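Listed next: structures, encoded as structure tokens.
Same chain, two partners: chain A is paired with chain B first, then with chain C.
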Partner chain A sequence: MDTVLEATDLTKHYEDFSLRGVSLAIRAGSISGIFGPNAAGKSTLLRVLAGQAPAHQGSVQVFGSAYADAEQDLKNRIGYVPQEPVFYPDKTVQWLARFAAPYFARWDGAGFYKLLDEFKVNPLKKVKHLSGGQKTLLSIAMALSHGAELLILDEPTAGLDVVHRRALLDRLRAFVAGGDRTVLAASHITDGLDEIAEEIWFLDDGRVVAHEDKDDLLARWKWVHFKDGALPKAIEEGLVRVKRLPFGSSGLTGDFLNLRGALAGPLASGDVRLDNATLEDVLLSFIKGA
Partner chain B sequence: MFVVLSPAHPDPMYKQVTDQIKDAIASGDLKPNDRLPSVRELSEALNVSAITIKRAYQDLETGGFVLTRAGLGSYVAPVERDALRERKLAELQEELRRLVRSSAKFGITAGDIVRLTRQVEGD
Partner chain C sequence: MDPILRRSSFFYVTALITYMGLMGRFMLTRDWPAFEVIPLFLPVWLISGMAASEHDERYAFLRMLPVPDRTVARTKFILVLSFAAVAWALMTGVALVRMGDGLAGSPTLVYLTLVCVSAILIGACYQIGIWRYGLSIMFPVIGVSVAAGLALAIIHVANLKYADEWPALSRLGVVEWLGGAPWISSAVLIALALLAFRALLHLGVRVKAASEAHL
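Entry: the complex of A and B
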């Protein structure tokens, strides 16, 4: 499987925050999600991965090249959408399209207007009259209209109402459908991106704290509800996010596949019950101090 | 009584409460005339809205599992084991119907399922 983006040991220091030794590899045709709490460094990481900011240490290669060696080519092949897109406020959407087009080798004007229609953004409106969500959708429409093969999106669903969010998620799925285009997006987990992502990266405090295939992750993390005393001690002690309630306790395990055997007995007797965990449940257990 | 709610569970919360209380009654954890926690006590203990618990208790009452005496609270009804058994059998029949149909696609017969049942019983 082709790797479209490879980052090795990225480190970037700010006064009060650092990205530390972040390495990742993104496969062609995938939808990868980078999740993490606020201030985990998602935006900083995406800016470095998109060639918008340099790292102090480490390297990024996209489509096999570093930004310094192939800037023009990479800018054409990558669509980067920051969290708060910046546009000239007094210009219309239409003007922006005409302004941007010559910068790209493969601008698709017809496609752009079709997307605007799909996203319900009026091309005659001035940017300052667009809502936050519409500005995001405009940014995404632009990223989708210059023949990009890799989309790097920072919180794309933030500020979108339920209808537009659904349209965007469907559009992203369609984007990767052929297998030769890729999406990398950072998000807060509950924004719907977790639904379409196949590869999950968890970032906390500037570091990658987990990386896994989403289905594998959800298969091994489960909620275990138990009557006090019903679990073997070793298992109970291995649970995280344990809540003691008046009528029983609950805890999360990441080791369900290995514990299945030991849990069979208590499960059959009804003293233990299992439930699926959400991605948010798992993320909370990785965050320090959650 | 062992009642723990899960937001990720396919069943709605009120149904999780109803089902788990029925299980507690069937297993003898809750005996006839045992007083159930008040709606407020249970909603605070489980951290769900009182409306959810109220709905669960109403369903239990309609089903004859619980009696509510105004001002005094809700009590486990003197439901006989047989009545509970009949109810559970009806639920089982539904599940078995589904099981038999879906297994038939794999060439599994009812006889195979009976054999499997005996095996499982022996564990």
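Entry: the complex of A and C
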């Protein structure tokens, strides 16, 4: 499958934080999720990937071009939703649309107002009078109204109520359904994007600590609940996030596919039980100090 | 009209109207010191207009649009240049009218040109400063600059009035000398200033693209 976005060895330094040597490639037609704890570098990475901030080192290629060579074309093809909306606060939503429309090659005014209507955002309201969630929805409406082929979304579901969150997730699924449009979103695990993401990138302390197809990742990560002494020593020592419980112990393995054979016996005897791990469980096992 | 230009021009046009309305009219009605002093307020008004425009600006939003940084930078520089050019044209027009009364002379024309070319270079530097350091840092600098500019202009006026030996800038030897051929001198000054302004624009584009302080 074609790669729509490729970042190589991205480095960006701030006074108290650095993005360190991040490389990633995003496939066309996919929904990719960048997950990580606060201050992992998700927003910084997305800003660099969306051409909002320059990297100190490394390169970003979007649709085969660098921002330095084709900024205008690329920004026509990308819809970016920042974590914090950045509109003119004293202007109305309608004014913003009139302001932005001439710059986009494929601005769909009717589609924009239809989305506003669906999102229940009053176009005559000033931005400063919108709630946080409505500002996010306004950002999303703008990103979806200029024929973007790649959406880069920074915590788009944060601040949304459950109805709008569900509607957004459905819309993102529909956005990529044709196979030629792509979504890259950064998020905390628990806000729904983990449900629809197909490819997972875990970021911690400015580095990619894991990257895998979500189904593959969840297939090999399992909770192992076991009675004391029921597990071979080597397997028990390989578990992470081990919890001692009154009637045994639980631990997480990321090597389930290789351990299946060794666990068959204890599973059959009932001394060992398995549970599916969630992305949150997996992420916590990667985060330093979690 | 380009939306960025349209939005920002409101502040520059307002600054120009207030400058010409509040200050410039003295050049029509008062004696020669008006030609000496009123132009000194021009950079102050330009910087104030810029500060108002930048205070309301949302560069992070502009960066989301398919507008290259160099286009945004050029637009902002065009506003600075236009402000000074219109002010120069109006003040020069008034000076030409008042030449008949003997209140302005050839050196006055050169002096007005000098002030206006200084204003565009000062304005360009402040604009680059805002992109490099952000408005939160530059705002106090602009405030101090405006206050200092006003104070110096007022001190200059007072000394012109009360201190016999105090030199008038518009009557300095070099200005008088350039006033020997005012149009040629003005053309050369403007050409040199435009070259410097162009170099500052290139610098500004690079600074703006590399900096996040103004976002």
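Convention: the second predicted complex is superposed on the first by the 290 of 290 C-alpha atoms of A that agree within 3 Å, B and C clash if a C-alpha of one lies under 4 Å from a C-alpha of the other, contacts with A are read in each partner's own complex, and residues count from 1 in each chain.
We adopt the following convention: a residue touches a chain if its C-beta (ideal position, glycine included) is under 8 Å from a C-beta of that chain, and two chains touch if they have at least 3 such contacts.
What you see is a predicted model; the values in this text were computed from it and never measured.
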item	value
First, second, both or neither for A:S249, with chain B first and chain C second	first
First, second, both or neither for A:H225, with chain B first and chain C second	first
Dominant contact partner of chain A by residue count, chain C or chain B	C
First (chain B), second (chain C), both or neither touched by A:K75	second
Partner chain(s) touched by A:Y103 [first = chain B, second = chain C, both, neither]	second
Which superposed partner A:W201 touches (first chain B, second chain C, both, neither)	neither
Which superposed partner A:F35 touches (first chain B, second chain C, both, neither)	neither
Which superposed partner A:R273 touches (first chain B, second chain C, both, neither)	first
Partner chain in contact with A:Q52 - chain B first, chain C second, else both or neither	second
On chain A, positions contacted by chain B and by chain C	none
Touch list for chain A against partner chain B, complex	223, 225, 227, 245-250, 270-271, 273, 275-278, 281
Residues of chain A defined as touching chain C within the complex	50-54, 71-76, 80, 82, 86-88, 90, 98-100, 102-105, 142
Chain B to chain A touching residues, read off their complex	1-4, 6-9, 23, 27, 45-46
Interfacial residue positions of chain C with respect to chain A in the complex	2-3, 7, 56, 58, 60-61, 63-69, 209-210, 212, 215
